[in-house]
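For clarity, chains are labelled A, B, C and D in written order, and residue numbers in each chain start from 1.
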């Protein structure tokens, strides 16, 4: 992004809500420079990368500042990295509604918002959070226009920022044009780059799981890599690429391994060498079982697979997942279960399985087909290419609400539980790949003695919440 | 066992406590013959063997009959196979104390016994249990002299009986001579054989996990195979051999695979071909974490490994494990977690890993060394051989309380968490094998920068309950 | 008989799309003509669509926990804009947190919803029949009112 | 100073041996002379051994849930047989089921045990010092009594 344009736009952004005026970049740089390394996201990630361990991070956010600090202080003992999950009004820039939520929450003495309205609370409230805690804190949200939120929270001392122009549009919005959200996220990345120029390290994490629902790895990996490049282009240096557990052990391990490799390849191809790359594994992001004992099983399996995949961090679910925003105790329990799982399997050697290698090659090949189509559509301009690719359905996220999304792609599990493409929509995959998916699904259909169909898709959507991986009949 | 001797002994056994007189073999045969196949243990095991699925079984038993039936009826919805866990007084043939426990429990309106005192309650109470339920029920206990208990519970309609002359002596008693318990279990097996002759199928399950604490697979596999042969010798036809999860995925899978193969080999070598062989995987049998969220993780990982090992059934723990006999709800929760885990991984293909094959070969070789030493000590008489082998320390169970046990063997985990032999005691293992174990442990010691020592053993004993697999310092 | 007209959507700033797609399919497969507004639907958008299509029921979803705020005055607004009678259903994870189902149900019944579907009561089984009964009851009422 | 003598064992029909082996090690490593009776020890076996060795404390374990029955009248029996004063500790999973720790503690204190160690209060840390203090307190008492 052109610096002048950026700086001009900054003035507008900071004026779009009263709390914007408290942002003072130079003072913020000072604050960041004085943060001890325990509070800096990328430094903790680097330690994990170096030692081959995996870091645990929950999701958490409530309406009121002191409540939120109490919540995070409580979770800090069980987590390695902390979140501040932003409420859904702020995500839509509906700060008046967020204000209403704050007031109602103050009255009701409980949070009526599903997250922390950081913009309304402003810079000093963010500082209070960072100062109250001894671990790094990330802003986690789902905001298509996250410019003001970034300004306030980064000035507030947060050292990691989740999201991206695609991943915070397609699953999170209905009618925000993709060109706009990508553009607004170039701003965010440029802001991060501005901090990086001053030696303040801000980690960026594109949102991997997308709709969280039977997303084939190639789709999320392609988008993650593209958002990674878009971020690098603006000066981002520390990147965490994400993936949401799909459910089949082999495929999940292969997906994280493929993600690292595809990213490294393309980042190099685009001329980037000076960056820190880590990965994040999201425990199962689809519908959870309502029963807590069953939910514990889903969570702990997610912990196991996260370790086996070699991811740098794992985002942890809670036994309340199917029911509502967790209490702090439920959140702690999710962390405890996950930690136990992780520490019980972390001494295992990486699984050397041919099936994983095969799956990994397939995912990389598919991902390459998707990314290359974006590159060629954009004639080298990835932002433009991504917009055109979504229009054409070359990129297509299953079950996403956005009107930018063609929505033709339909996933179905194969007989081993791996997510395959029942309908490849317009995605530019080779015939070999298409045949591979068709065959795998046919195998299952034969086994279940029924046709692959939308009913099978629905069965798969419900499966985990009904206590199984594959949505078989009966 | 000689039939005349057996029948004479039977009369004494049945007179050793008043309820013995209600045993009527012919009437019992009638009862068994009329049991629907859903209630017959071996038939459900066969179905599982045929379909490659795994069956879930909890542990449960309380002092009073109606309470016990209520408990099992509640659990029946979540389990595939049911237990009746016997109290610890009955296990020691202390029926007066059991009677006191029954009376005190009636007064207190809660169970003061840690299991169901089946001998005191007698045949008709057992029948009531079997008739109230729709699934097969097994007697699970830890009784060195289990003759009367077998007479009463089998006449009562139970279709599976856990235990063995070694596995219910060494971990469960202090001073019962091994020759006596083996002899008394030959009686039990002969009784089962007597039922089998009448076409009543009674499953027998030697107790695999022994002390439940860092037992190297070769030791439990050797004892399981020996008890299997001792049972076959008396006419037992349906055998379930068991193994307690040791904690390392590779070793656990290898152990169950090795167990099947060693059993098949030796059963053949001893001339048996007409039997049904299944395996049981016990979720972690050592000290559990007190925290329930952590316990859920241990349980669900046990479910996962059970499936991956290919066992026919899994014995399920509960989130109350570290604290006390579980409530029925905690027991249900253990089953629910396990079921979820099982159904999430059961569609995976068996892991084709070289490391598993290697481990499996080692376990089989070690097991062979142990069993062959028993055979040669006994000059073909396995019962005699086993007694001599324990005396010589050729068979030696870590942490067992029995005076029959030399107690020289000490296990330590290696750097990947597999249980290795720190001290092989007097076990007749080859030098290669000993070196292998020594090297694996040295690897860990080097990594941890400390000597392998008894402190390391203690650290490993506590490890799982403290949230990890390997008891590393700090 | 003509298919009954219903309007479906996810209210407020809520982006949860998966359940919505399944509900669309479910009610369509079970004899209704469904106008699906998708996610992020305001009260007035629901009402506009209901008026336009002559719908006899509005099926609101809310998953993200803000239903208390988003649904405030929804019944009153319907009446104000002439939708009376109209069947109003709501389902999903209505409030923030894991709450007692009975309390949440009552809260939304009090707000004027005819039925409230919160977990563990969200499985789609006989909702299609129940809806038909409720619509017919309303028709009956309207007839008698005339 | 001579090492303090203590008797250790698992009471009743209880076969849990692992904790016992660790306790033996722990108290031996921390300055005591331990007579370990192992598992399945009756009240009188504990008392016999204490008399024989001149022990000043009996450390009872019970894991399997029958401690209520097995320990009935233990303190009285000690006094009856002339062990007075003697430090009586008990630890483990004392009663059947997961129970409120405070209630269980009180129950066994009332039965005459000087200290009660139930989870999550069973980790071995400063038990060796506490025991020393308790034994010294008893000596002090005996001296004064004389």
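One rule holds in what follows: a contact is a pair of C-beta atoms (placed from the backbone, for glycine too) under 8 Å apart; a residue touches a chain by one contact, two chains touch by 3 or more.
Quantities reported herein were computed from a predicted structural model and do not represent experimental measurements.
Undergrad: Skipping chain B entirely, trace which chains still reach each other through touch and list those groups.
TA: Once chain B drops out of the picture, we get A, C | D.
Undergrad: Taking each chain's centre as the mean position of its Cα atoms, how many Å separate chain C from chain D?
TA: Each chain reduced to its C-alpha mean, chain C and chain D end up 66 Å apart.
Undergrad: Between chain B and chain D, what is the separation of their C-alpha centroids in Å?
TA: Distance between chain centres: 31 Å.
Undergrad: What is the distance, in whole Å, between the centres of chain B and chain C, each centre taken as the mean of its C-alpha atoms?
TA: Each chain reduced to its C-alpha mean, chain B and chain C end up 55 Å apart.
Undergrad: Give me the residues of chain D that touch two or more other chains.
TA: Residue numbers touching two or more other chains: none in chain D.
Undergrad: According to the definition of touch, which chains form touching pairs?
TA: A-B, A-C, B-D
Undergrad: Give the list of chain A residues in touch with chain C in this complex.
TA: Residue positions touching the partner: 88-89, 91-92, 94, 97, 100-101, 104, 110-114, 142, 171-175, 211, 213, 286-287, 290, 320, 322-327, 330, 399-401, 454, 458, 461.
Undergrad: Contact residues on chain C for chain A in the complex?
TA: 12-18, 20-22, 25, 38-40, 64-66, 68-69, 93, 95-99, 119-120
Undergrad: If you look only at chain A, which of its residues touch chain B in the complex?
TA: Those in contact with chain B are residues 247-250, 289, 291-294, 296-298, 300-301, 303-304, 319, 332-334, 336-341, 343-349, 351-355, 415-417, 464, 467-470.
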